[in-house]
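Just so it is clear, A, B, C, D, E and F label the chains in written order, and each chain counts residues from 1 on its own.
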Amino acid sequence: MTALLLRDLRLSIRSGGGALIGVLFFMAVVAVIPFGVGPDLNLLSRIGPPILWIGALLASLLGLDRLFQADREDGSLDLMLMQETPLVMTVFVKCVAHWLSHSLPLVIASPLLALFMNMDALSVGATALTLLVGTPAITFIGAAGAAVAVSLPRGGLLVSILVLPLTIPVLIFGAGAAYAATQDPSPFLPPFLYLIALTLIFAVIGPLAAALALRASSD
Amino acid sequence: MTALLLRDLRLSIRSGGGALIGVLFFMAVVAVIPFGVGPDLNLLSRIGPPILWIGALLASLLGLDRLFQADREDGSLDLMLMQETPLVMTVFVKCVAHWLSHSLPLVIASPLLALFMNMDALSVGATALTLLVGTPAITFIGAAGAAVAVSLPRGGLLVSILVLPLTIPVLIFGAGAAYAATQDPSPFLPPFLYLIALTLIFAVIGPLAAALALRASSD
Amino acid sequence: MRFEAQALSARRGEDLLFRDISFALSDGEALVVTGPNGSGKSTLLRVLAGLLPQEEGTVRFVDGTEDRPAREACHYLGHRNAMKRELTVEENLTFWAEFMAKEGAAPGMDIDEAAESVGLAGIAHLPFGYLSAGQQRRMAFAKLLVAHRPVWILDEPTAALDVKADAMFAGLCQAHLAAGGMLVAATHQPLGIESVKSLVMKGFEYGEALA
Amino acid sequence: MRFEAQALSARRGEDLLFRDISFALSDGEALVVTGPNGSGKSTLLRVLAGLLPQEEGTVRFVDGTEDRPAREACHYLGHRNAMKRELTVEENLTFWAEFMAKEGAAPGMDIDEAAESVGLAGIAHLPFGYLSAGQQRRMAFAKLLVAHRPVWILDEPTAALDVKADAMFAGLCQAHLAAGGMLVAATHQPLGIESVKSLVMKGFEYGEALA
Amino acid sequence: MTDTSLAIRSFSDLANPAKFIALAGKLIPWLAGVTAILFAAGLWLCFTTDGDYQQGETVRIMYIHVPAAWLSMMCYTIMAASAVGTLVWRHPLADVSARVAAPLGAAFTFVALVTGSLWGKPMWGTWWVWDARLTSVFILFLMYLGLIAFNRAMDDPSRAARVSAVMILIGFVNIPIIKFSVDWFNTLHQPASVVRMGGPAVDSEFLRPLLVMAIAFTMLFFTLHMMAMRTEIWRRRVAAMRRIAARSAARGQEV
Amino acid sequence: MELAHNEGYVLASYAITLIAMIVIIGWVLIDSRGRQRELKRLEEAGIRRRSARNAASGGAATEKTIDA
């Protein structure tokens, strides 16, 4: 399993440059928002957390559709399906590798981008923390979508559409918790705990669904 | 050349990127936004134009990195390089096909989505217009990047560093012009003209650079 | 050990491709599948490897522990090499060696040793994408050596191999059989392996198993 | 018409793969390139097709109009088939026929006719990805027929073909030569074409041209 | 004569699509006739009853908005039931039913969304708000489109059936959300006043055209659904026959 | 006055509903006609379905798809 993790990480660095595309897209998102809302710093800092969350969500979608496709095209997926290692584990490890290479850079970059949005320290911290906890959920859901798409001869963008509706709860609780951290009346902990719960649930359901879809897909 | 255009359009529909899916994806993105920033209509109408622009950028990026890669992997690129047709033309047509299949549906759908973002008529028109004029620039820059990436066995990273930053000016002028249309003091025309200039420049430079990179790439 | 298929039939799209294919291999036996293009050789091998669902029939690998799926006892070498172009040969082989390793099973060959036995010891540091077609195929073959599996399922293994590599390949297969392994191969060219069973596919008209 | 190479040498990575390769083909002549895996056959063909830069030497196609690059007179069939899995066979062939059509040049075969002459007339409506390996190769070959080019450059054209298809392939090549075409093929198996020149590559030890 | 009873009946005598086609051939003209009569009566009622003192003329939008909204949910429910049929009994007709219902559902949802928006502008002063009911209906619309796109992406129906059945069932959570969103969250939208505990709270003046239109829309749905199912069965037959034709042609000419 | 103002919305609603219904009904009808025509042409060409030829060979278990 470590072998798989290392391989996927290595691949993501050697080809495609997943990490940077995500971060750059993220930066582009943050760079244009001020043009919409104008130079109103207060407003910017208020919508900062949700914007960062939306940016992270969309950036995670880039490249997620090829999570299994590359392995299928060169025949590696066949061999993975044949091993004794439970397929769920294989999928889980691939998700972890994808998260490490594609989403973690976003989480790390988010405090920096938060500065552009004129967010205060507390809010920056809360957003980064919720992103850290919440983005894995997106990856796990995405894996299920990618697995369904790989089973389709004409999958493609379909993944993002299958996946986006399912990410809505994550977005609600993530952005909600980040927002609550700075607003006094609304408590931070409940949405944050929901977020953790969502991630844990999806960490189980996502790989399971993906494994099922992959088994059904082979052709 | 029409043959190439038709083939690429057909492929984009077959492999899941067709108009329906592009628009659907865009709609899903727009539907997700209120869950992030909250259902505040005023706020939504202010961030409407940049959100539409971000959606367009994302939709253009999805799949753009594989513009030449797919053709290279199955050997089609080799044959294209051998023909009498100038390579620049081939690249240009491929860009047009990508724009038609990935960006145009978004431009067409944008007024509808703008309604959901509660934007007023002027702003809707301005955004759709800037999208129509600006998105080709993104495609052309992206094509150059995709060509460089295809020529370097491990070039993925480089592309995102070289190319994505170039899209940020497009994004800024685009969103800026859309914003200016509704705000009285700031004039609409200057950023809009810059946007047109950018598109025209990139329409020449992008395919040229891509053709050069592809010629140098073959291996 | 026995590897056996009983009354297999399979479907591609909506059509039944073959029906009622049965065979049994025991230690050291090989089966060569032949037939015209599109007759369903690759389909049969993928069914044996558990990569396609059969329509009817069973595939079993019997070795004391009955309950494991047959696919876990198999190596599958398809038309595609299952190697990453971006990684070096060594990285590729190491990955598969580790990923396919089983606890308590016979260990496979060392990476270097495997590269040497397919005649490519010197170029293991190159990215896989830099190799020539035949070298890539040889490396894909080396993958079978780095982890032990009793059954090898090979789809046109000698495509793109030169004469010397053909002989080397036949030698490796013989060694595998001599060590009690089993082998199912689909091919259009004689493989140079002795004493094999053969199965001729006819495609849509349903194959016949010959002893 | 003449297709000729003079004192070619090419490099892969840092190493010179071959040096000083010269040959000339005129109407109806064929050259078969052989040699062990990794000796540079594919590299040579790609240089001839203008897909890789040579280190030294020239490739020329002489036919009155001298100034066009030689690659424009060539068909290249590489290890990969240059077909899209998602499109049907018919769409694929139609695309290449139109894309490769030249004004004022001899027109190629009709799509149906081409599919028929590779023995696959019935399945032109299937997506290319659904074909078996051999069927895919046949279809890739049909691509050479739908647009006319005087020179065919073929890299292991018969890989994955069955016996019947081998014969069909040889027949098509003969017909091309008889019509005054030229042909350069790299292969490990005899192609069944008569009266050909041959070139044996040795790889890094530099090839020798034999008449 | 509802769809469910038909499905159960043909399930019990094991899946004869041929029987279904025969039955549909007999039923469709009657269904179409009844639908036409109901629409004629419904539309006449729609335009002859008085306007509301509060809402003025716009109350007439209700006569199409509410039936369309109901049908958008009913159609999804039928799809979910069919999905269960696909997964549990692997009944081929169930897959056909689910597959052809998606475009119909999308059409009714579209009508509900558009008429709702057109009603919202005069009543609430805006085309659209992101409240729970409206958003969940919008998501229903996206789900219909997604399922259509999915079915189109998959050209091998036997493989698409199970995956799309699972997706339909996952999406079913949205239906109770639509239905009860007005009770759970406070929204701008009207709470249930027809289908609710304790009987309808709408004046019978408005209730009559509403109910007639609702039945008319429902009959329209069943007519179209049955026709589309029949067409889908034909489509699959054509595909099967084409394959056989192609294969015998290939074998005939290949020596 | 307000009534006259709002009539537009009512008309628009009915018009759009009418158009949507015409589109969906038309699509169902056209699709149905098209398939019927194809079926007829194939049958004229003398092509029979497999199960129509040897109904005994494929039982319900193997025939997961519809070609009854």
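One rule holds in what follows: a residue touches a chain if its C-beta (ideal position, glycine included) is under 8 Å from a C-beta of that chain, and two chains touch if they have at least 3 such contacts.
The structure displayed is predicted, hence computed values, not measured ones.
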Q: Return the chain whose centre of C-alpha atoms lies at maximal distance from the corresponding centre of subunit C.
A: E
Q) Which chain pair shares more contacting C-beta pairs: A-C, or B-E? A) A-C
Q | Chain centre separation in whole Å, for subunit F relative to subunit A (CA means) | A | 40
(Q) For subunit D versus subunit F, what separation do you get between their C-alpha means, in angstrom? (A) 48
(Q) Can you compute the centre-to-centre distance for subunit B and subunit D, using the mean CA position of each chain? Integer Å is fine. (A) 37
Q. Hey, how far is the Cα centre of subunit E from the one of subunit F, in Å?
A. 14
Q: List, in ascending order, every residue of subunit C touching at least 2 other chains.
A: 13-14, 79, 85-86
**Q.** Residues of subunit E whose C-beta touches two or more other chains
**A.** 139, 142, 146, 149, 153, 155-156, 158, 240, 242, 247, 251
(Q) Multi-chain contacts only, two chains or more: what residues does subunit F have there? (A) 65, 67
Q. For subunit A, which residues count as touching subunit B in their complex?
A. 13-18, 20-21, 24-25, 27-29, 31-33, 35-38, 43, 47, 50-51, 53-54, 57-58, 61-62, 65, 73, 149, 152, 154-158, 160-161, 164-165, 167-168, 171-172, 175
Q) Which positions of subunit E touch subunit A when the two form their complex? A) 139, 142-143, 146, 149-150, 153-156, 159, 162-163, 167, 171
Q.
Applying the document's contact rule, which stretches of subunit F touch subunit E when the two form their complex?
A. 2-3, 5-7, 9-10, 12-14, 16-17, 20-21, 23-25, 27-29, 31-32, 35-36, 38-39, 42, 45, 47-50, 60, 64-68
(Q) So in the complex, the part of subunit A that touches subunit E is made up of which residues? (A) 148, 151-156, 158, 161-162, 165, 213, 216
Q: Name, in rising order, each residue of subunit A that touches subunit C in their complex.
A: 2-4, 6-7, 10-11, 14-15, 73-76, 78-85, 218-219
